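Note that the chains take the letters A, B, C and D in the order they are written out, and that residue 1 is the start of every chain.
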Amino acid sequence: MTTASKLVSMHDAIARHVPHGSMVLLGAQMEQMIPFAAGHEIIRQGKRDLTVVGPISDILFDQLIGAGCVSRVMAAWVGNVSAGVGYCLRRAVERSIPRRMEMVDYSNFTLALALHAAALGVPFLPTYSTLGSDLLAKNGNLREFSSPVSEEKLVAVRALRPDVAVIHVQRADEFGNAHLWGSLGTAVDGARAARKVVVVAEEIVAPEVIASDPNRTLIPGFLVAAVVHEPWGAHPSPAQGYYGRDHAFFSQYHEQSRQVEDFEHWLERWVLRVSDRREYMNQLGACRAEALGVREHAYSAAADFGY
Amino acid sequence: MTTASKLVSMHDAIARHVPHGSMVLLGAQMEQMIPFAAGHEIIRQGKRDLTVVGPISDILFDQLIGAGCVSRVMAAWVGNVSAGVGYCLRRAVERSIPRRMEMVDYSNFTLALALHAAALGVPFLPTYSTLGSDLLAKNGNLREFSSPVSEEKLVAVRALRPDVAVIHVQRADEFGNAHLWGSLGTAVDGARAARKVVVVAEEIVAPEVIASDPNRTLIPGFLVAAVVHEPWGAHPSPAQGYYGRDHAFFSQYHEQSRQVEDFEHWLERWVLRVSDRREYMNQLGACRAEALGVREHAYSAAADFGY
Amino acid sequence: MPAGAQAETTTRDYTLGELMVAAASREIADGELVFVGMRLPMLAFLVAKQTRAPRAVGLYENGVIRETPSPELLYTMADPPNLRNATQCSQMLDVMALLQQGRVDVGFLGAAEVDRFGNLNSTWGHRDGQTTRLPGSGGACDIACLSRRTVVLLAHERNRFRERVSHITSPGHGLGNGWREAQGLPARSGPSALITTLGVLRFGSDGEAYLASVHPGVSVEEVLANTGWTLRVADELLETPAPAAAELSSMRSLDPNHFWTR
Amino acid sequence: MPAGAQAETTTRDYTLGELMVAAASREIADGELVFVGMRLPMLAFLVAKQTRAPRAVGLYENGVIRETPSPELLYTMADPPNLRNATQCSQMLDVMALLQQGRVDVGFLGAAEVDRFGNLNSTWGHRDGQTTRLPGSGGACDIACLSRRTVVLLAHERNRFRERVSHITSPGHGLGNGWREAQGLPARSGPSALITTLGVLRFGSDGEAYLASVHPGVSVEEVLANTGWTLRVADELLETPAPAAAELSSMRSLDPNHFWTR
């Protein structure tokens, strides 16, 4: 039909769809396909007062916090998954460096339920999780109540509706219909919970490729505001079928973010002084990228949609 | 690993896993892949006092009702999707023929939510649907309550946990790991809501085929009690990639179920006097099967799980 | 279908079904999300796609979402042609979630009975003084509760157009203005048009139906005689516009043998 | 890791990490559903699979379910080798749903601090009188609330083993027997073992931890000195069994360079 292409540059996608003060879902797929390229563009554009949402966004949240973009974090875990704590998080929470910041602590499940509630269009969803914990005591979006159909205590997890979800996917067409596979985490609910979706794709493919497998189309284009073609856009996190996890990069970041001066140097080098992901990858070097590439393809068996 | 094969005949699967009086989910995928072969075996084995659950199981529920297997129906719609009303349903509700039967009327969404609640392990889920309707007034598993996080009225849909879900799928391995695609309906939640699952598969494939696409494995084998290899087991409903819908069969059933004597004749011919699905298909005839077969294959684009 | 209306249509270039499909298709604006259903509404959606609403998106209760017409005539929403090359094959819960989020602009419904305020009954039928059990809600109750607006297609017969339905399968405007909000249903939702075999009814701000247009060749008296309550008539009563050439050619390409539009 | 324990292990044929992994693997019975986690618990799960629990099923919070070991060492649960040929790649909600249904037999956890009743803190650390912000719950709170039993692995240090944790990230037995049920948590759930760098603690019917076994070469006094409350000791205190040859060969095939089990 006559739908217009939604392809834009990363610069334009962030400029248009991530205003100051907005609530942004990043890193919905846990440790895979974290939208680092989008996060770095947010930093370069100096976005401020963001609420960042995501179960575990590995070091991306730490970087956004260290760069001063974030006034509030709604997450279950913030740090460096393979190396330990996040030093920017610590500085922000313990000493308000570079700015004061609010932490709203969720568990993975309650954050997933908050997004699921918004995706379902209900004000809350019930769970037994967090009963007896200080998460329940301290997070105002978790509230104990009595089940209307039984004598049980339950926790109402309030719906969380991000202004925008940035979802990194393996492939999409120019209208935003997206295939993703492997580690899904909260991506499907996240895309449906958000007011709009920015899809960042390793590959832009013909609509026929996406349409050939509508069960793998986990984000339909009509929910998508912008599509960015950004190969290697999730580095140093992995993208199944495209590249592996750059464990060393995470370790190096861990060391280089321990002191605030070192972090600022890191930020200059990897974010502020590169203009886009292409330059970032040039700096990373072809050898390193080559080493992360797919060594052995493993293609899914076909499903027949014929009749 | 050392997991034992779960492959059994349809006879044994039904004999073992569908006792008299049990609550059985059938037809989770709406008008596709309705487990008619399983339903007919239930009739042949003379199962009694079943509660049948399913959003819309097309004429399968009508047949089970007419055969006297059913004491309670929990569904959103019972009839003949392409032809209209279900005459056995009418006779049972209006005149208790062949027996008295209770109808618990759901809408599609509230039935899906009842299964989703059980799949999530919570006693209920909230919705705005059915407010103001007589479904809410008459179905005791729907109850109005006040939102614990807002001033709104909501309906609590009580979790529904079938004793067994019979799910027809395109392919499975002998351990019950199953690929299904196309019309999913409530199959994923249904399989997780039920205490046990019987998988009926068009094809049994090597475990490697299933493992090649873990995102399409919508039913994991560890939830499955039995796997039945039953080609054409969903006829006259369609199985995407295997065969189309036999519209004429539905029309013929409509005519031949209008009078109770004709229905009994139909039941004799298509269920009671055939010993299994193979005999049923022989009776249907190779020409008719051929005409329903796939004329043009349409294979999904591969997803690369390599690294 | 009343004999009068049928006789009329045979003297024209289109059938009554085609007139109803064309009228229904005009209820869809471009870019809208539409809960489609089967039979005439499905055809209306496809006509709208090919004429004034090329960016409309169709949702089906089995979880299918489509932006392109199915390449073949469908008997059910899960027929194989409706799944191949769909925009998305999701779960029932996923499309119902879009509905509950308030994203669905219009939903199409049928019913056995309708009343003055657009409440629908598809659970119990009344025929010759007997009560008969009908198939039930399916997704109709959900669509009636949660779409921004609903469009109902049904045969205009006195025993189907009742002062008050005996059973509300799918809530309309209940007892009138404010009733939906009082029940907790979404604000500014509810039935917006009844497209019948005799005309088109719309709803006033008080939630009560009125006759907005009569089909060509149908008299107001005929409509009133086939309505089980005192139906209000619009001050400026219109004639339902005949199907445009583009609408007719679209629906005929999709249903060349008049399977649905006889 | 206390210097004493480390010195001991170097005189044996296995490392302290290997002892802990072997002990943890014995907490998994055949056919059980296990919320696995990373590092030592992941290795313990894989050892269990290859020895006494071949039909155990592993769940990961990103939605992955696996019955076969990942072919490569993992740094995170979403590393590509953990997804390829998985039993299922579902959503986070799906694996958490299995947990909430009560289907998960055992969940493995770590923590910065633990107390007398097995409550865990992984949100706020205490070091040299300073309070430090730690990464937080992740899925730990969910697993602690909803698994039938939990097994916690952590370093046995006095400042981590506290009379009362300052923040309950993950509820254990709260204030003792009956507390979990009073909170509304599932009946007969909660911590079942703490596998530390010095020994194994289990829980009495009153919900309080007691020392069930000491690792080879570790004295009771050393354990007590490194515990921030008066720890009860089992009447029949055992020595933690050394890893069996099959366990050692299994874990060494999975982690040949002692990356996790140094």
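Methods note: contacts are C-beta pairs under 8 Å (C-beta built on N, C-alpha and C of every residue); 3 or more make two chains touch, one makes a residue touch a chain.
Nothing here was measured: the structure is a model prediction, and the numbers come from that model.
**Student:** Count the touching C-beta pairs: is B-C or A-C ahead?
**Tutor:** B-C
**Student:** Between chain B and chain C, what is the gap in Å from one C-alpha centre to the other?
**Tutor:** Spacing between the chain centres: roughly 28 Å.
**Student:** Could you give the separation in Å between the centres of chain B and chain D, each centre being the mean of its C-alpha atoms?
**Tutor:** 41
**Student:** Calculate how many whole Å lie between the centre of chain A and the centre of chain B, each centre taken as the average of the chain's C-alpha atoms.
**Tutor:** Roughly 37 Å, centre to centre.
**Student:** So which stretches of chain A touch two or more other chains?
**Tutor:** Each of 121-122, 127-128, 152, 154, 181-182, 184, 212, 215, 238, 240, 244, 298, 305-307 in chain A touches at least two other chains.
**Student:** Which positions in chain D are in touch with at least two other chains?
**Tutor:** Each of 64, 80, 83-85, 89, 93, 99-100 in chain D touches at least two other chains.
**Student:** For this entry, which pairs of chains touch?
**Tutor:** A-B, A-C, A-D, B-C, B-D
**Student:** Okay, in this complex, where on chain D does chain B touch?
**Tutor:** Those in contact with chain B are residues 33, 49, 54-55, 57, 64-65, 67-68, 80-81, 83-89, 93-94, 97-102.
**Student:** Given the complex with chain B, which residues does chain C contribute to the contact?
**Tutor:** It comes out as residues 38, 61-64, 75-80, 83-85, 89-93, 96, 99-100, 123, 131-142, 144-146, 167-171, 174, 179-180, 183-186.
**Student:** Under the definition above, what is the set of chain A residues touching chain D in their complex?
**Tutor:** 29-32, 55-56, 58, 75-79, 81-82, 84-86, 89-90, 93-94, 103, 105-110, 112-113, 116, 127-135, 144, 152-154, 181-189, 237-238, 240, 244-245, 247, 250, 298
**Student:** Okay, in this complex, where on chain B does chain A touch?
**Tutor:** 121-128, 143, 145, 147-150, 152, 154, 156, 158, 170, 179, 181-182, 184, 205, 209-210, 212-213, 215-216, 238, 240-242, 244, 294-307
**Student:** Mind listing the chain B positions that touch chain D in their complex?
**Tutor:** 1-3, 118-122, 177, 192, 208, 211-212, 214-215, 217-218, 220-222, 305-307
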